[in-house]
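Would you mind keeping the following structure in view while I ask a few things?
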Amino acid sequence: MGQGCLRGVSSYSSPQVVVVRDGRLGTAYRALQLLVLLYFIGYVLVAQKGYQERETGPESSVITKVKGVTRSPSKVWDVGEYVAPPEGGSSFSILTRVEVSAAQAIGTCQEVSTGTQGVRTGRCVPGGSGSSCEVLAWCPLHGGSSSESLAEMAAQFTILIKNHIRFPRFGFSKANIREAESDYLKSCTFNATSSLYCPIFRLGFLAEQAGEDFPALAEKGGVIGVIISWDCDLDLPDTECNPRYSFRRLDPKGTSASPGYNYRFAKYYIWNGTCTRVLTKAYGIRVDVIVQGQAGKFSLIPTVITLATALTSVGLGSFLCDWVLLCCMDKEQQYSSRKFEQVPLG
Amino acid sequence: MGQGCLRGVSSYSSPQVVVVRDGRLGTAYRALQLLVLLYFIGYVLVAQKGYQERETGPESSVITKVKGVTRSPSKVWDVGEYVAPPEGGSSFSILTRVEVSAAQAIGTCQEVSTGTQGVRTGRCVPGGSGSSCEVLAWCPLHGGSSSESLAEMAAQFTILIKNHIRFPRFGFSKANIREAESDYLKSCTFNATSSLYCPIFRLGFLAEQAGEDFPALAEKGGVIGVIISWDCDLDLPDTECNPRYSFRRLDPKGTSASPGYNYRFAKYYIWNGTCTRVLTKAYGIRVDVIVQGQAGKFSLIPTVITLATALTSVGLGSFLCDWVLLCCMDKEQQYSSRKFEQVPLG
Amino acid sequence: MGQGCLRGVSSYSSPQVVVVRDGRLGTAYRALQLLVLLYFIGYVLVAQKGYQERETGPESSVITKVKGVTRSPSKVWDVGEYVAPPEGGSSFSILTRVEVSAAQAIGTCQEVSTGTQGVRTGRCVPGGSGSSCEVLAWCPLHGGSSSESLAEMAAQFTILIKNHIRFPRFGFSKANIREAESDYLKSCTFNATSSLYCPIFRLGFLAEQAGEDFPALAEKGGVIGVIISWDCDLDLPDTECNPRYSFRRLDPKGTSASPGYNYRFAKYYIWNGTCTRVLTKAYGIRVDVIVQGQAGKFSLIPTVITLATALTSVGLGSFLCDWVLLCCMDKEQQYSSRKFEQVPLG
């Protein structure tokens, strides 16, 4: 190559020159290109809607409202009693079993074995097992509490979930209830055959859909996720953009370490001039409403980018094909000699 | 070049051989490439900042604090009374109207028509309309409650929203209040002319900005979203990264099925030795603070990828052009004959 | 085409002709291509796992449970007293200092200077400074409240954070506690040497990890974020997908305008037949549990796209190189003349 100058052909973006040695290889080569192209056109562009501009994570508001009433041996439970917090947000718990302490006041009493519930005064009864120390605490301690269950009727409680979403990029908003169906909404309950626009769920239905046994769930407590998915193709009419509901147990079940869902809360009274509280250990079903969504609308940019990527991938196929020819075939010499040509200087 | 025809070789990518038959087509061909290139450079690279690495969804904390006091015929309402939950999180409601029940205790009373509020005992008064059955419930039932409105003064309540965001990828954090403006902050109120760093909003201002009529909103309740957007170009100085506020009604308004926003909560007392509750049906304005954001900073990788995509798209233009020439023009034969050349064997 | 061999021109991609004038430039040219290729293979494909399909933002549920007890001069504080809201969600506050008002009832009293806490009746004491007007309010006003601190013991409170995540696209779910370690979980505390599957945190540990001084934080209040990150490579065994914890102060500290975190809440009593409340101004540490995560799994599509982008970027390098040669070198004329060849008409 003495005086000549190497005329390199940029190796990707590929070899202009593919030596196709016989018809079969040529056919395979074209078939590969076609396959890649069909894949992109068929899967990425059509099935994945690669021609659309997308927005995920819509602005969302959730308002919930629980209805139902039941009784336990000592009490009537209506919404004001068993829903906490009461504000009707996207996460709330419905009590299904409570362990209610006796009225407690600050004082000293003997420690019980179920954990630290007070501050030791230092006075311990000699000969005791170590759990017989005196503590300053809300006495009497939680040990002697009574349990009441709401499980029998709680499965019939209904939950109305009002959800309104908005995709700001497209200025599109929609709710999961319809003005036209407001009468229907007063009496309907969500099930396999009901309208999608009847977002009123029986608590027992939620548990069942999440694959849980309601009495067991009510006993130990747990978290049920109501997942509302909005997958909207805004190139279609509005009526094609509908909510989809799925239900799933969200907390790790079956762990023996701190299983289920429970929490403690107190109510305070003045009793005979003393500040008194009643501490409740509440087991319940926490309902977390999770709203997901994506919307897509035709846009030139993603279309161009997808097409460009498709064609680049076709080029990638060509490149790989070429590389095979360049490296692995016996007539390498001939091919290489065509890739680098002499350019006479000056 | 007299009688000849310019055989342009597309400078990046794609068909090596484009037979440009006359000047007009050649010009159109180059113009298309230029257009695509300009589009990418102008829109994707510059306007969309395609040269930046981006992060969306910053870590965010929101602390809210409401101020204001008003009175209703029976009561003085300060923050401890009308904000729920009181913890100052990103979602809270401000009561604007309440229907307060009489003091209720568990007992039996006659059912009222406004829904199931107790458990039927089975004793029904014969001849009644079906709603005259006796129920075990918190009696007297909710029917005879009195309504009080805070709407007149509630529009003057102010809400301080402290927001602090952090983009972990870039180690960048910023708050929506400024140390230097802490005196200003004590007296300012957010409006069109105030500093962006005065996040103290009148409740009436929120309603107005969301396009709502305050008295109507206060009567039925509703959800107002305060959307804080941080769109930060970290290639610019910190002072260019500022919060932007927008306000929107989030719940579906105008639906006759369960319109607005309300919930029930109870307060408990010992009254003459009996556990008594006062149930309040609260209509209010729930304020949901939604924090969004994205940050971008120059990075080599997205720049290269964007440029590569841009040039690929130019190639796509060339390819389409070529395809037109290959398929649709009359002198197809000549063109094809140039695409496939003979290589003598051995 | 009998004995000949079809020389196919790859229909897509790149500059056919690069005039490499001497050895050094040729080497630089190849080195640039290699560099870009290595970069993509090494960084994008291997380090960034460009061959994986990804999902971010897993479905997540968080259940928290606080333990610990302490006393202040007037009171014993257990979980029912210092955690708010009590429901064990992902955001809750632990009170560290309280300013408790005297028992308040609605009536008239003299305004105090610390802000509007009542509605002026119009009766003002002449000669006063303007703050001596009578207000209708919950009296006596907040001024004369007593402060109690829990800071000494609060650092020892422990927080159990149960987190369960799910990546719906891959059907993969995992919790941050392990069935096999449930005994271990009863006694362990999270620190630098403990198992990752011991999500029990001392409050003092959180403050320390967030770089805060606990007594100062407890005095003024603040927000600590516990960020749980799940970065899961699902091509590896499940045991490689582990939570990672980080801790950060989330509220803007050091601002003199409304520093720290505090809120007011009331408890209600009937006292001598009058509705009475005790208003507490609570300073506390709000713990926000933030769950992030991404999962990746090998998939053909992103692999192809990444490879295609890689090769396009190599092509981009070639293009730039070519552009330099075309525009900036002295023998431009010769090069250009090779780019545009004459095609004889007809």
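Just so it is clear, A, B and C label the chains in written order, and each chain counts residues from 1 on its own.
What we mean here is this: a residue touches a chain if its C-beta (ideal position, glycine included) is under 8 Å from a C-beta of that chain, and two chains touch if they have at least 3 such contacts.
Model, not experiment: these values are computed from the prediction.
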Q: Imagine the assembly minus chain A, everything else where it sits, and name the touching groups.
A: one piece
Q: Tell me whether chain A and chain B, two copies of the same sequence, contact each other through the same residue numbers or different ones, using over half shared as the line for same.
A: different
Q: Could you give the separation in Å between the centres of chain A and chain B, each centre being the mean of its C-alpha atoms?
A: 18
Q: Measure off the straight-line distance from the CA centroid of chain A to the CA centroid of chain C, and report it in whole Å.
A: 17
Q: Check each residue of chain C and list the ones that touch at least two other chains.
A: 5-9, 11-17, 85, 269-270, 309, 312, 315, 319, 322
**Q.** chain A to chain C touching residues, read off their complex
**A.** 5-21, 26, 29, 33, 36, 43-44, 84-85, 91, 93, 106, 115-119, 136-138, 223, 225, 227, 248, 250-252, 254-258, 261-266, 268-270, 277, 279, 286, 288, 290, 309, 311-316, 318-319, 322, 343, 346
Q | Touching residues (chain side chain B, partner chain C) in the complex | A | 1, 3-9, 11-17, 19, 59-61, 63, 65, 67-71, 75-76, 78-81, 85-89, 160, 162, 164, 166, 175, 177-179, 181-183, 185-186, 267, 269-271, 301, 304-305, 307-309, 311-312, 315, 319, 322, 338-345
